[in-house]
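You will see two complexes here that share subunit A, one where it goes with subunit B and one where it goes with subunit C.
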Partner chain A sequence: MKTAYIMRKEIRESVLTSKGFLWYILTSVILSVLSYLFLTNSELSLLDQGQMLYMIMNFVTALGILIGVVSGSDAIAGEIERGTLEALLLSPASKTEIAAGKLAAALMNWCIIFVISIPYLFVVGKGGQNLLSGIVYLAVLGTLLAVIFSAFSMGLSARIKSMKNSLIVSFLIFLLAGSPIFLSAALRTTWFGRVLDLVNPFADAINTFDSVVVDSQGFSYQTGRIAIICGYAFLSLLFLKRSVSRLEM
Partner chain B sequence: MIIKVENLVKRYDGHTALDGLDFGVEAGDVFAFLGPNGAGKTTTIRILTAIIRADSGSVLIGGHDVFKEPAEVKKIINALPESSGYYEWMTGREYLGFFSDLYEGKTSTQDIRALLEAVGLHGKEDHLISSYSRGMKQRLGIARSLINRPKLLFLDEPTNGLDPIGRRDIHDLLIDLNRKHGTTIFLSTHLLDDVNRLCNRIAIINYGKIVRTGELEKMKGKGTIDDIFFTSTEGGTL
Partner chain C sequence: MIKSILTAFVIFLATTVNCSTVFAAGRVAVSIDPPSVQANMGDKITYAGAITNNSDKAVNNLIAYISLANVTPGKEAPMDLEDWSANKAVKVDVIPPHGAYEGKWPMRLIDSGSYVAYITVVDKESAAPVTSPVSRLDIKRILRLNPNNVLPTAIGEPVIIGAVFLFIYLKRRNKAI
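Moving on, here comes the complex of A and B:
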């Protein structure tokens, strides 16, 4: 219950604000541009439906991670910097309840982005046979990745107590995780590239999307990667719990 | 005794902030906690209110061990921290509502209104906190610290930055709380005027140790509070 009250406060503070709306407007603008390009550009439209859907899914996932990193960094360090944390710690809400409420609010951001993306996924992927399974995979893996990155940056912000520094570190990790997008396919097929892809939860997610919507492979092909992502989600939650439980002013 | 502190030690990377602190506070006291800058007052309050941990020693609040039963302690205490920030995007009323929600026995809307009135914020309760002056925020902070009707209230320099009228209002409010509700008040302050008007017992801390403690009236026999303060804290901390 306390968690719900803290979540409500966080949502009012960071989701339902002009800054929050800016994110959502930005999301839909970029998605509109991407979809428009996909559907009108003759060269791009050589891509099949599955590939276009795959690219939109990657983009939405990356955006979900990014917003998780930003709201996670602000969640605890921001309260310390604004001097509001001590009053919150004086209340009967435990540190775990506070962190859970904040994490839930950070995931709210992801949910909104996901919902915004659904019409675009339909427009781009309509007619393709893997549209629905793509949306289901995006919902599940996107949520897990949002958990991983929000919980990690929140835990980090509780440890280093500086919003700017934890944002910088988390953002670097975000770039590192996103780097496979920029690597050539050839590089990624070497054994070293494969190992890197496997230990990187973001790469695991987009490779799963690739396998599901482009190659039409079934669930049994995805279990390894999904297990790794679940492992990261578990570890990041553990990291968050430990970081806040030893939080001191 | 509502507060019993024994041999409390707190170190911040090598620097000893509290060096074997011992003192007690009786229920119903208005207890002044005095000392130069850096003496360890805020550190003590943070430990007693379960915000930070000590390295060793024991603290009993209302019979509960602060380190083992922080949740029990939080039910009967509350505090106004030294430098408190506020959710500037809330109104004063929303701010108190948010904190009252976190307690089991929720405060009714009438009680919240009464609380805002008691601290002198009537007419401002539906304004955004970002529009409040420093003194108004301080009053809101005090209202927040009373939201659970604490038996024991910690105030870390509560009249800091208030004008003489604001200070008098806060004094009156605290006297009222103590007399009518029997609230024990633990007051850290630099203003000896606060002490003279409010407190019946004092303790002076220097370099993380209690150097003087006792009843104000008895101590006054040996000079003014200023004299006692200066002679006890010669070469004070920083």
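Moving on, here comes the complex of A and C:
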């Protein structure tokens, strides 16, 4: 109940604001441009619908993570810097409930981005393969990744107590997680590339999207990667819980 | 006199060598179908090539590939078929004596202009490759402004989100007043 109250407060203060809507409008504009470019290009290239759907899914996931990192970094350190954390800690809600409410609000951003992306996914994937299964995987894995990165950056902001620094560290970790994208296909097939792909939750998610949407592989192929992502989600929640329990007035 | 005899001998030798080249090339012939195509950008067409073995011996391990040359005035150049075709070359293991092989080359028309397509067959027994007659290909530029009906979503969704934002903003402002 207290968690729900904090979540509603956070949504009022960060999601349903001009800043929040600016994110969503920008997300929508970027997805519009990308979809249009992909589709007009597909008329003239061998890029198939599945490949385009996969690329849009990667982009939506990265965007969701990015907004989760920013919201997470602001969640605790922002309250400290604004001098409002004391009032929050004096409320009847426990530290865990406060963290859960803030995390739920951060996840709301991901949910809105996912909902915004659905019409684009349908337009881009129309007539292609594995559209519905791709959307289901995006919903599940995108939510897990949003939990991982939001909880981690929230925990970090509770420990570092500086929004700027926690944002920088979280961004660096996000870039590190996204680094397999910058590696060449040849490098990714080496043992180093494979290990990096396997231990990296973001790479696990995009490899799962590739496997489901482009290669039409079933759930049994995805279990290992999904288990790793679930493990990271559990660890990041544990990190958040331990980090907020150290908070003092 | 000696010079004339030598010249005549050289001409004879050259003619003989040339005859054998033509003969070697002549044991395999290749044709391309259709002989001309008019299509739009983005269309998919398929060229068929018939490789015939005119000799009394089987021919083995032929390589056949399709080529495209841009003959649009001012843009004359051979084309890299990277985006045009996923299977540009085929290997033909064996064609029996007086037999034929039918190959197919699907192609996606990426850019507008005038082109010629031709199939080349490389026979390692022969000194020169064999080439089919050219097939003229005219591709008309076509502009698709709304593929997959993307425009209503691409334009509509940011507008709807903006309208929702405006609605919430005005509602809150009126409440505050």
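Heads up, the rule we're going with is that the second predicted complex is superposed on the first by the 244 of 249 C-alpha atoms of A that agree within 3 Å, B and C clash if a C-alpha of one lies under 4 Å from a C-alpha of the other, contacts with A are read in each partner's own complex, and residues count from 1 in each chain.
To be clear about the criterion, a contact is a pair of C-beta atoms (placed from the backbone, for glycine too) under 8 Å apart; a residue touches a chain by one contact, two chains touch by 3 or more.
In this text the structure is predicted, and so the values were computed from the model without any measurement.
Visitor: Between subunit C and subunit B, which one touches more residues of subunit A when both complexes sit on the common chain A?
Guide: Higher number of touched subunit A residues: C.
Visitor: Could you say whether A:Gly127 touches subunit B, subunit C, both of them, or neither, answering first, second, both or neither?
Guide: In the superposed model, A:Gly127 contacts subunit C only, not subunit B.
Visitor: Looking at A:Ser216 after the superposition, I want to know if it touches subunit B, subunit C, both of them or none. Which is it: first, second, both, neither?
Guide: In the superposition, A:Ser216 contacts neither subunit B nor subunit C.
Visitor: Determine, under the contact definition given at the top, whether A:Thr190 touches first (subunit B), second (subunit C), both, or neither.
Guide: neither
Visitor: For A:Ser94, decide between first (touching subunit B), second (touching subunit C), both and neither.
Guide: So A:Ser94 only meets subunit B here.
Visitor: Which partner chains sit in contact with A:Thr84 here, subunit B, subunit C, both or neither? Use first/second/both/neither.
Guide: So A:Thr84 only meets subunit B here.
Visitor: So, A:Glu13: does it touch subunit B (first), subunit C (second), both, or neither?
Guide: So A:Glu13 only meets subunit B here.
Visitor: Applying the touch criterion given at the start, work out whether A:Ser245 contacts subunit B, subunit C, both or neither, answering first, second, both or neither.
Guide: neither
Visitor: Which parts of subunit A are in contact with subunit B and also with subunit C?
Guide: Looking at subunit A, the two contact sets are disjoint.
Visitor: Where on subunit B is subunit A touching in the complex?
Guide: Subunit B reaches subunit A through residues 46, 49-53, 71, 74-75, 78-79, 81, 83-87, 89, 98-99, 101-104, 141, 144-145.
Visitor: Which residues of subunit A touch subunit C once you look at their complex with the stated criterion?
Guide: Listed in rising order, the residues are 16, 18, 21, 24-25, 28-29, 31-33, 35-36, 39-40, 42-46, 116, 119-120, 123-124, 126-127.
Visitor: Per the contact definition, I'd like the list of subunit A residues that touch subunit B in the complex.
Guide: 2, 5-6, 9, 12-13, 17, 82-84, 86-87, 89-94, 248-249
Visitor: Give every residue of subunit C touching subunit A within the complex, in rising order.
Guide: Contacts found on subunit C: 41-42, 83, 86, 108, 110-111, 144, 147-151, 153-155, 157-158, 161-162, 164-165, 168-169.
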